[in-house]
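Chains here go by letter, A, B, C and D, matching the order in which they are written, and residues are numbered from 1 within each.
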Amino acid sequence: MIFGEDDWQRLVAIAEIVTCDDGPVADGVVDECLPRVSAIIGQTPMPDERLRRAPGLRAIFNVEGNFFPNVDYGYCFRHGIRVAVAAPAFAAPVAEYALALTLDLLRGVTRADRAFREGTEAYGWRGNRDATTLFGRDVGIVGFGNIGRALVQLLAPFRCRLRIHDPWLPDAVVREAGATPTTLDGVFAGSDVVIVASAATRDNRAAIGAAQFARMRRGAKLVLVSRADVVDFAALLDAVRDGRVEAAVDVFPEEPAAADDPIRKMPGLLLSSHRAGGLDSALKTIGAMVVDDLDLVLRGLPPVRLQAARPETIGLQRSRPGVAASAQRQPG
Amino acid sequence: MIFGEDDWQRLVAIAEIVTCDDGPVADGVVDECLPRVSAIIGQTPMPDERLRRAPGLRAIFNVEGNFFPNVDYGYCFRHGIRVAVAAPAFAAPVAEYALALTLDLLRGVTRADRAFREGTEAYGWRGNRDATTLFGRDVGIVGFGNIGRALVQLLAPFRCRLRIHDPWLPDAVVREAGATPTTLDGVFAGSDVVIVASAATRDNRAAIGAAQFARMRRGAKLVLVSRADVVDFAALLDAVRDGRVEAAVDVFPEEPAAADDPIRKMPGLLLSSHRAGGLDSALKTIGAMVVDDLDLVLRGLPPVRLQAARPETIGLQRSRPGVAASAQRQPG
Amino acid sequence: MIFGEDDWQRLVAIAEIVTCDDGPVADGVVDECLPRVSAIIGQTPMPDERLRRAPGLRAIFNVEGNFFPNVDYGYCFRHGIRVAVAAPAFAAPVAEYALALTLDLLRGVTRADRAFREGTEAYGWRGNRDATTLFGRDVGIVGFGNIGRALVQLLAPFRCRLRIHDPWLPDAVVREAGATPTTLDGVFAGSDVVIVASAATRDNRAAIGAAQFARMRRGAKLVLVSRADVVDFAALLDAVRDGRVEAAVDVFPEEPAAADDPIRKMPGLLLSSHRAGGLDSALKTIGAMVVDDLDLVLRGLPPVRLQAARPETIGLQRSRPGVAASAQRQPG
Amino acid sequence: MIFGEDDWQRLVAIAEIVTCDDGPVADGVVDECLPRVSAIIGQTPMPDERLRRAPGLRAIFNVEGNFFPNVDYGYCFRHGIRVAVAAPAFAAPVAEYALALTLDLLRGVTRADRAFREGTEAYGWRGNRDATTLFGRDVGIVGFGNIGRALVQLLAPFRCRLRIHDPWLPDAVVREAGATPTTLDGVFAGSDVVIVASAATRDNRAAIGAAQFARMRRGAKLVLVSRADVVDFAALLDAVRDGRVEAAVDVFPEEPAAADDPIRKMPGLLLSSHRAGGLDSALKTIGAMVVDDLDLVLRGLPPVRLQAARPETIGLQRSRPGVAASAQRQPG
């Protein structure tokens, strides 16, 4: 499903494929292949005992966005086996969606359509009482990974003043992107819009909470597109309810949200059901990335398109095998 | 209202101001000032008989977006009096809004919020069945004036293939912008999204109609942000109704739309009540432009920020003193 | 000579051409054509008495970079006849050359080649004692016309801090280009490199002199690519001689320079013989611009590629019918 | 020498420094420190026996541009010790220099200065007989590493058609940079300028030779800024001598070149003594990169500014401990 016709032809040209059409590859099939396998594509569990039986293994390409705990990463690092995920394929669509949500909050697109359908629309200047532009505004970004970098590209023509917080990066990297490195609190205090694009790590569960929302400018916007649990969700809803913050939310603590969840009626919220990354075009990009990197690995070169695990950070990231991930696993 | 505090201070420093707080300046006041007036800011009618009595007049700055027929343009051209409008101030907000509408149509933001509020949202890939990305798509733009140029800047990071139609420009101008000059029909046939940003001219009333919509790719998007009457509106609604086209519409043949207008219930339409340009920040930009250009004109230099009337085109443009314009005239 | 084959075919398709292969068109031929001429391409003198006999004339396209005093501009403005010059065609090559000269001064390219040929070259860090980078430097630009704007584009990837001086433009225009509007003295005091790209006007003869050079940082660079007489040349040579300034000079008070001119031996000078704009590709661009704008004018539309004369500034500009211009007139 | 005052203060704040002012650190000092060392900055040899005695070692930061064979890389990969070099610090200055050389060859800057000094200069169009512009030209780049990427940024405003050859990268990476992936021969056949920016690998010694030069367009330009031995130098000189190619050369098989080397008199060559990267500003960048990455490593995070060795390619690269490198080692 992830391979376009061209990429599939390239794939079968460079490799013998063992696969299974419906559902995960059976354990027996895996075990049988181990002695001669060069690369694994997918979420096949690879604990130590399997890795030992795969002396020719050079790469494990997980076609999702997160590193799962089903691989013995230490073994792979010691033996030069590359483990990589498809996170870069999601950067462009997620950044695009974050921009769409940002523009919607600022310009009031969804709200105006709703008013028009209810017959309460106002025209011209009067319909724009709460609307503002993105041009020249103070924009904060939390997390400067694949998504954050793609966002900076999309925001460039708007000439915003960018504040970026990322505890894993030196200031110079943020400055080279034309932004100001800023503390987490500083991002919230100094921005008209804050876009949360940080991965889930050991250290940032609910790191964005009441203290941060209290610092936000009145009427500031929050856009949440990466992971729900980096935000204290109850505190976010409080900030929206009391009118301090308007928010666009694509990820939720529980998905699907309960049928009677009060967020479904809340004003000040733009609601989106985990739709930021999961586009068909992203799937096809993953397929192309996998074939490109497999070709490199089989030629003895390092992968360059997927995101390879690094020994320092693999233990710091939290994976999320929840509802959305399972939705992602079922694109058909 | 259009002047920020700084710009007002600059204005009174370079000129003696004759003004009137509520409503248009009275005829008597105008007539009294004519012998010594250097510049007129606003929509004061200036027929031949008034212009003759204003020997020192150098500029008429209309603070709206269109040239109105209340000035004797021929007299002004012959006597070196600059007549200029504030259209450039609207380019950035309208282009931003066009991008917001485009992303909304492609990614389904408003639709997804509505579904979430109705409890029918789908998560992840399943919620994106009809969603596509703007990256790398075929985008057509009709009209390459201030708005079209601002749009090209905003679209640049998405690396779209751009087709542009503008009958007043040589191909080279379009090519220098990185786009392909294209016929009107070619724009509709070759685009995933068509953005209509053309001014109303003598020649383009209802120029976009059934013939163009029939050429569009199935599921293509139309974004209309400039003037309603360049489109055959009935034909547009037909194309939306039969599912060939999805459209975002900011301008309508009648504004406000009738309470029982069926468009209020139509799926496939994103509805917006003439909100593209009329932001408070655009007003402030107009004020700054007026002061900047007044300063130049009083120093004997040509205006550079407002858009000056040109003898060739002044007779080709149609002004629109309708609902939206009156809405624009009442920002307070 | 200025028309490529394609452009010539377009030209003869839209117009009947009266021309003369060698030298200027004879007076008799001109006079005979006046009653039916729509446009004039070239430097044919057009005083009042000729213009009166050309009732259908709509445009005079001078294919050089400057407005010459051989046209009755007032008559043209009053009668809606466009007079335009080819200055925009030179913007890109001149800006490119200014960048080439700037990089040469900073990185020492010509100096290093000379040392290598003399056998005195030093390698690596030792060869770079006086070399610096353009990245992130303070760059000043005097004159923000066609050349200045093209320069800003070329400098963009170097992320310089730009200071721009242009007395004909409001600050906002400079700021929109990402630069800081600055006084003439401020440009010289605050820059590592100053690029002089200003046209010659009534007010700026020798406007850059000892006072400005005295303000320059020690070791700062000056690049002169537009007009020699906006600089006090003797003062410039003094500043170079005493080591305060290094300069690249493309235009000279007298061209050709005298055989025994001491500049030919001066260190600290990069010498160039009026080569910034006169490329064959610029000629071909002019031809394309002329055909494009002629097509517009014959269709009743304003020209958009050439630079049209404006009533306010036509009297402020100084033309230069000297050596370089005559060189420009003889491209064959 | 590589640390600015600020960076030095940051360094001593995060680490205890063991250093030696003149020349390499003595072996005894090194051996004594091994049990407690966390990071090594510099070219200290680190064979297996030393690495075993450094149980806390996390990083070796070599402050030159190449990986030297004085470290047991296998041991480091197995034990999660990062080995990194400062190559990224040279990317911007080398790319800038490559652009300067390219513009010099195309526009004839050095040649024109020489003619002026010899009294043989020609003015205007006549002085530009052999000059061409970079705008819109076909440019080929061999090697798409740090330098190549920086070059693409600098070339962007010139809107060249870029062909890039890099055997270690999939086509998609080149396409995302807006260029066309091309074979080595295709780059030479299809370009007006070829810039060689490839690292020295096991496979590319003298890979660019007579066959490639024979494919070049007559009058095409070659710019060599990375490593001399990727080019068959004798073949290059032949191509220059017979007029097919003009070349700018910054690196030579032997440095310094012999006093009587005929290249010193050759027309068609722009000569530069290994000056592309060794700027003082590059040294300071290295210092900042080292402190930034040391801070990350000591916090348990991966380095992001220096270039970390990769197991697949470490054996494929050739280091070069020759003249230029030693020049680089002596910046004072």
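Here is the rule we go by: contacts are C-beta pairs under 8 Å (C-beta built on N, C-alpha and C of every residue); 3 or more make two chains touch, one makes a residue touch a chain.
These numbers were taken from a predicted model, which means no experiment stands behind them.
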If a chain touches subunit A and subunit B alike, it appears here: none
Remotest chain, subunit B as reference, centres from CA atoms: D
Between subunit D and subunit A, distance of the C-alpha-averaged centres to the nearest whole Å: 35
Whole-Å gap between the CA centroids of subunit A and subunit C: 50
Subunit A, residues touching no fewer than two other chains: none
Chains that touch, pairwise: A-B, A-D, B-C, C-D
List of subunit C residues in touch with subunit B within their complex: 77-78, 80, 168-173, 288-289, 292-293, 295-296, 300-302, 304-305, 310-313
Residue ranges of subunit D in contact with subunit C within the complex: 92-93, 96-97, 99-101, 103-104, 107-110, 112-117, 119, 121-128, 131-135, 153-154, 156-158, 255-257, 259, 264-265, 270-275, 278-281, 283, 323-324, 327-328, 330-331
